[in-house]
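Per-chain residue numbering starts at 1, and chain names A, B, C, D, E, F and G are given in the order in which the chains are listed.
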Amino acid sequence: MQKVKEKIIEAILLICSSITVLTTIGIIIILAIETFQFFKDVSIVEFFTGTEWTPLFANKKFGILPLVSGTLLTTFIAILVALPLGLTIAVYLNEYADKRFKAVIKPLLEVLAAIPTVVYGFFALTFITPILQSFIPSLAGFNALSAGLVMGIMIIPYVSSMSEDALSAVPNSLREAAYGMGSTRLQTAFKVMLPAASSGVIVSVILAISRAIGETMIVAVAAGQEPRLTFNPLNSIETITTYIVQVSMGDVPQNSIEFRSIFAAGITLFGLTFILNNISFWMKRKFVQRYE
Amino acid sequence: MNNARKNEIKDNAFKVFALVCTSVGLIVLGLLLYNIISVGLTRINWDFITNLPSRRPGKAGIYTALLGMIWVVTLTLIISFPIGIGAGVYLEEYGKKNPFAKFIEINIANLAGVPSIIYGILGLELFGRLLALGNSILAASLTLSLLVLPIVIVATREAVKAVPGSLREASYGLGATRWQTISRIVLPASFGSILTGLILAVSRAVGETAPLIVVGALVYVPFAPKTPMDQFTVLPIQIFNWTSRPQSGFVVNAAAAIIILLMFVFILNGFAVFLRNRHNRRVKY
Amino acid sequence: MNKLEAKDVNLHYGEKHALKGISMGIKANSVTAFIGPSGCGKSTFLRCFNRMNDLIDNCRVEGEILIDGRDIYKNRINVVDHRKKIGMVFQKPNPFPKSIYENVAYGLRINGISHKKYLDETVEKSLRQAALWDEVKDDLKKSALALSGGQQQRLCIARTLAVEPSVILMDEPASALDPISTAKIEELIHDLKDRYTIVIVTHNMQQAARVSDNTAFFYLGELIEYDETSNIFTNPAKEATQNYVTGRFG
Amino acid sequence: MTHLEEELQKLFYQMNDMASLVEGQVEKCISSLLDEDKGLGREVIFNEKRVNAYELKIDKDCENIFTLLNPFAQDMRFVFATLKINYNLERIGDNAEGIAHYVIEAEKGFDKQLLEECRFHEMAETVKLMLNASNRAYSERNAKLARTVFSMDSILDDINRAAADLIAEHIRGNIDNVMQALYLLTIIRKLERIGDHITNIAEEIIFFLEAKVLKHGKKASFMGKEDE
Amino acid sequence: GGGQKANKNAEQPTGVVKIDGSSTVYPISEAVAEEFREHQPDVNVTVGESGTGGGFKKFSRNEIDISDASRPITAEEIDACTQAGVSFIELPIAFDGLAVVVSKQNTFIDHLTVAELKKLWEPAAQGTIKTWDQIRPSFPKEPVKLYGAGTASGTYDYFTEAICGKKGASRGDYTASEDDNVLVKGVSQDKGGLAYFGLAYYEQNQDKLKLIPIDGGSGPVAPSQETVGNGTYQPLSRPIFIYINGKSIERKEVAEFAKFYTEKAGTLAKEIGYVPLNDDEYKLIQERLAKKVTGTVFVKGKSTVGTKMSDLLKIEEGK
Amino acid sequence: MNKLEAKDVNLHYGEKHALKGISMGIKANSVTAFIGPSGCGKSTFLRCFNRMNDLIDNCRVEGEILIDGRDIYKNRINVVDHRKKIGMVFQKPNPFPKSIYENVAYGLRINGISHKKYLDETVEKSLRQAALWDEVKDDLKKSALALSGGQQQRLCIARTLAVEPSVILMDEPASALDPISTAKIEELIHDLKDRYTIVIVTHNMQQAARVSDNTAFFYLGELIEYDETSNIFTNPAKEATQNYVTGRFG
Amino acid sequence: MTHLEEELQKLFYQMNDMASLVEGQVEKCISSLLDEDKGLGREVIFNEKRVNAYELKIDKDCENIFTLLNPFAQDMRFVFATLKINYNLERIGDNAEGIAHYVIEAEKGFDKQLLEECRFHEMAETVKLMLNASNRAYSERNAKLARTVFSMDSILDDINRAAADLIAEHIRGNIDNVMQALYLLTIIRKLERIGDHITNIAEEIIFFLEAKVLKHGKKASFMGKEDE
């Protein structure tokens, strides 16, 4: 009797976990079906090599590269901001700051990640861009730069907190050993602590990149909607996510090729993040194994 | 001595640099809050909260968006909570052996990183179209549930994992069954952390905009939703909507709504931090 | 009749042959210590007695383990019931994050006992037996986690006693404790042996010497020597045992 | 009470038993001599096996306590002292048995006058007193009592030192009684040995209680004079 | 609370009216809904904006009561409706005029012809038309900066069709945003900038922007309530519609709402920045509603560019 | 002259008075053990000698700590340089997650030494001294984390030796190790004492007895007794010490 | 080599030194008697202090090893055996010193014939052989060699048992030489004691090497006859 009950409970729990698999399958099937339809009309080669993305124009071109470049550009800018800042902050909090300072600053910085991104978009558009324009007159009203910068600020805590966690996870005894041998704080931080936490730090950076790539509202509000194969951050660009939002909000009739293009874009986005997530997953595994 | 001196200078230089870095983040945060508060604070009053949406900025309120948000979040919670905990418990407690569980684990790690907008697409197609829920609260909640499920599962797993194996062994050793062990020992011991994860998931759901846009929550709804099948809108979308309106009054409204939204988010996060600290202090293995 | 008896027990973790043909008998109301270098299979063998190894995947047990003459592996016995008769205490104190009272009452509650008076009595009796009652009697509602390490370990023993086992297995019960707490646990073991059959794994040779009546020396999954503790430490029969106890090993 | 304390107590009780037994042996062998009671002498010889068994047991127990329970400080000194006291008691028992043998061997009762001349009674009384004192000192953990033994031992020494001359004198006067005189000399020598062993015991008691090693420091002064 | 209950018991309509469709029409429907709320507080009107096409799709599936449309229903959409047994009442409700604007700092453009606009905006212009002197030699060699509606919007569709002759035919290298606010901001600060968006947005930002009259062949005409309403501002003005489900109209709340819509459309459209039809036309429309005339007045696939509303409605009368 | 000397050292953690007027001298080339119940301040006092307590906020030290006659707290000495002269080994082996070679070379590298031959020689010498060379000489490039716990601890000792300290502080260096590894560490300590002054904190009384020449017994932040090890364990002068070593404590 | 092994080795070396020293004492006291060399006798008395010092040192060392290094198994038996051997050696030294005192005390050289009659030479030779054997058995860890001691001890017993009668006989024949005869008896008794101690040593060696306790089992057979 007890055994039956146990079995039933196990089955229920198994079903719960299977939902996540169904979710993935759902995502893949839905993206794939529509993308399959899409590729009936558009050549895959053109899709991945074309340099123009104009599905909503009369002269339709389906080269995803401009969206990818826009995505990568904003991501790159964001990482350029978040990586040095985040890492420095992590090291500082871990090695230099006293406990009370850290106890205040870390959650405060984490607030940055908790703010809804639509707020950042608003902020980038109405605050950062005008300020930047006063330095850089040629800066477009929508531009990759300001979106990227704000996004970078947003993901600082991803890097700083997760890296700090990784650094904190390094046994304190390692730090003591380093000091005991006569290391300065800087030497301790960079020669011992960071290498020891390296996999955790890398995971945090990868996750931050993945987050930046998938980020939607900031770029949708502030980076523009101009698919353009460029790496000039002063330009207005369009990211994959923006495109999906744009089409979702717009008057594009469903079942049209224009509409289906968001699935093709979506699967590209999915693919990009999927790779990064997998990398981080395996790294994390390694990380965990090494420390336990 | 020379070498030591050099090291000392480097050490101090880094410290200054790091303080600057830290300030950058905080200054931006401060600017952001200041910017929004300076614009929006005056607009906040009881009417703003209880008014229905309107095309006139001065009359417009966030009532429906707020209630819509509460509906969506509550429903999301109700859906994702049991499933997420169930899945988390399964993976930690039952699934160690089978390859399927391992596969689920990888899968969850990936899902956690799937951009939210992809969930929007999934929700649109699966719940909106296939299940014909349209742009109802239920569709949105289901979508967000899937979105936050990985967070809940991961939080549950971490929490459950943090319960030392020796506690389980102790329970088994006393003759408890697996489920008795889980329900009486493991879950109570990890409940604090699970709750923390859950609140973080909720705070994530509160701020989500993109997937709901895709699902189609960008609608004018002049009434408080009453059933899960009602149409709805949520605060972030209301904000997004207002920011794209021509009248400058709406920018003020948007800022005011942002303040409310941030308050929600901060309270939730603060609560999570509080729980985490309390829990950490209480349970030391 | 021996209280516990192992007959040609072989145990594999997947490919790994962790226990090799172990046979031994353990008398009732005695303390038996398992010693041996790390990884020699002490814990593994100990856990055979309450089938704790069942929880580990790919663990295969052959041979017979008899408790009071009944083979706990062959007969289709109820593992859960069986475990109630065999208490277990672990290396690190692991009280449940509940009150002191609830910790001790746990074993009864999962058996569906909820009669308040009976619970109260059993809790008190068990705590007394574990020499903890005087220290905690005024704080039974306090969280068990607030106790010191040594108290926690005694609480874990009390928790085990509450379900009235006849055998208590202990896997390095004092290795995480300071010397004063360790001494208390050792005393407790000494006191309990009148009523229980105790098997203790320990890394600490002095500890084995101090607490046990009989000692078994394991090496590479084999039982090398099993004898009265004083013989093992004053006059071991086997060269390997001699080398181990005199520290001329590895 | 801890396990160690329990074991120490057991050892202590055993040691007290052993001490009483040996004390009895000494008393009996002396009585058998003075009262010419060969039965008592035989009892002593018979009991010697028990003394030996006790010694082995206590020795083994001390060994086990050292090895298994690794006592420190006073505990360790207690076991160490007990170990040595045990050895000394066994030798006292040995000597008592030896005396009993001579008593039985002797064809007739010892010449009263010879005994008188040799201060044999005094010697026997002193040995009994000493042994009783040392045994009580042990069981009561009384260092002061233990110290009383040392002065009594010098009485024994005096008597012993004088014995050879006195006996030689006696032999010269009673040539037919040579054998008995030789036996008595041997017995006196044995009583002196017993006194020495008791002194050792007292030293060990003081070592155990006060961690002072008296052994050869004090003893040296007796030793030089032992058989001068 | 008690009063409201009493209201309910009286013949007050209750229920939900679902509107979805064009984002262009959305503001009007939203405004009407908001006004209607004061009129009939127990009727819940929701307005979505999934685009004209999206709206018709839902409409044809009976999911909504009213479909907003910034263009007439197409033949395929009619087919879909017929198949699903959905009949519809087509009601034009206002004109949408697109304004072409430049920055106040721009002094060199007084007007633009349709041809010039086409040269500026057509796909071929992408990457080639970079300075204003390429459009008209008299213009300075100021770099061209273009702002326009988001490519997924009805406005974008309409502008490209009217100017470049084909829906979606546009150069791509311009700043596109659904957020007209941003366009206003962008163009107002940019000397060489030019933007198009709904007339409404111009009217709200007159202080920052300069309106460009368009020469559609009969001389430059600046958009205004009049010029759009009387059809002289061509080709950048068009009618916008609502389509009412023939079955839904039988429901009291829908009927009430539709009636209210036709009564208020004029004033509200104006308030929001669209151009109302004239009163006669609204009369005609109300009659049409009252009669529950179903079907479209538009010939299959014919463009609405340059159509005068009264003409169409009269055609219908004639039928 | 004593190698290490503490004069009336008082230490506070915030309000907590953790060390109370401790004075003691430690001779060069001897092993000194600190024993005492948990929390009595052994580690704290040990860490005064290399100013490791500086790393802890709200920790205040008064009194003098002299090394070779120089007060390391008063004179404005360079802490970092000072620490190089005082090696420290911790409770849990904590090799850096680098190769074995780099672990040992670390101390030299942070001093800017990069001369290959010199590094090689020092690494070999240090590993030999730590009795580890034979076990690892073929895998110097292997990660230090791949070593067993006992080997790791010896590596940590080698790492310390490489910077040529004259004093080595050890805080329960064997408490995380199995008995065989523990024995090796104890032997190593015994071997090293000819050339180094070693101070070791240990919970294990037997260990203190085995390895040290002198033993200091701490209790509640005070130094109760400090004497030759054999005296402490055979004939302690103080009642408290006697009670502690005979296990009649608390 | 581990710390414990080092200590054990030190102890072993010390013990060997002690053994040689005591062996020397025994040889010298016998020589001083046979060769009528009182100087040698005085040397023995003088050296006794060194023996005592050695005993104290070894005793202390054993105590420290037990307490501080807690040896197990063979190590523990080695220390235990050493501890007891040490004690026995010290007593052998004591007896040697006692003999030396009598040699010095004796007014003239011992009567050759008396010595011959008492088989004194044989006894002395045997004791030396035994001591040498037991010492070698210890230093070579040779249980077989240790066992040879037991049969030799019975020779001593025989001689000792016969001694009283022989000496009584002698006294009856040489009444003026009583004192010397009494001395000789005492000396013979002491040599017998030395033999007993050597037997004890051999037993301890066997205990240490083979963990067999022979003590009273085997000894009982000697003991009963000791002074019969």
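Going forward, a contact is a pair of C-beta atoms (placed from the backbone, for glycine too) under 8 Å apart; a residue touches a chain by one contact, two chains touch by 3 or more.
Molecules present, by chain and UniProt name: A = Phosphate transport system permease protein; B = Phosphate transport system permease protein PstA; C, F = Phosphate ABC transporter ATP-binding protein PstB; D, G = Phosphate-specific transport system accessory protein PhoU.
Computed from a prediction, not measured in an experiment: that's the story for all the values here.
**Student:** Busiest chain-chain interface by contact pairs, anyone?
**Tutor:** A-B
**Student:** Roughly how many whole angstrom separate the Cα centroids of subunit D and subunit G?
**Tutor:** One centre to the other, that is 20 Å.
**Student:** Subunit A to subunit C: how many Å between their CA centres?
**Tutor:** 51
**Student:** Measuring centre to centre with CA averages, how many angstrom lie between subunit E and subunit F?
**Tutor:** Going by mean C-alpha positions, subunit E sits 83 Å from subunit F.
**Student:** Give, as an integer number of Å, the spacing between the C-alpha centres of subunit G and subunit B.
**Tutor:** 91
**Student:** Considering subunit B alone, which of its residues make contact with at least two other chains?
**Tutor:** 7-8, 177, 216, 218, 243, 251
**Student:** In subunit A, which residues are in touch with two or more of the other chains?
**Tutor:** Where subunit A meets two or more other chains at a single residue, that happens at 2, 125, 184, 187, 221, 249.
**Student:** Any chance you could list the residues of subunit E touching two or more other chains?
**Tutor:** Residue numbers touching two or more other chains: 49-50, 177-179, 182.
**Student:** Provide the full list of chain pairs in touch.
**Tutor:** Result of the pairwise touch check is A-B, A-E, A-F, B-C, B-E, B-F, C-D, C-F, C-G, D-F, D-G, F-G.
**Student:** Give the list of subunit D residues in touch with subunit G in this complex.
**Tutor:** These residues of subunit D touch subunit G: 48-49, 52-53, 55-56, 60, 63, 66-67, 70-72, 76, 80, 84, 87, 94, 97-98, 101-102, 105, 164-165, 167-168, 171-172, 175, 178-179, 182-183, 185-186, 189, 213, 215-216, 219-220, 223-224, 226-228.
**Student:** Over in the complex, which subunit F residues touch subunit G? Could you list them?
**Tutor:** 183, 186-187, 190, 206, 209-211, 229-230, 233-234
**Student:** Quick check: in the complex, which residue numbers of subunit D touch subunit C?
**Tutor:** The contact residues of subunit D facing subunit C are 2-4, 6, 63-64, 67-70.
**Student:** Could you pull out which subunit B residues touch subunit E in their complex?
**Tutor:** Residue list for subunit B touching subunit E: 52-55, 134-135, 216, 218-223, 231, 243-247, 251.
**Student:** Name, in rising order, each residue of subunit D that touches subunit F in their complex.
**Tutor:** Against subunit F, subunit D makes touches at 2, 4, 70-77, 211.
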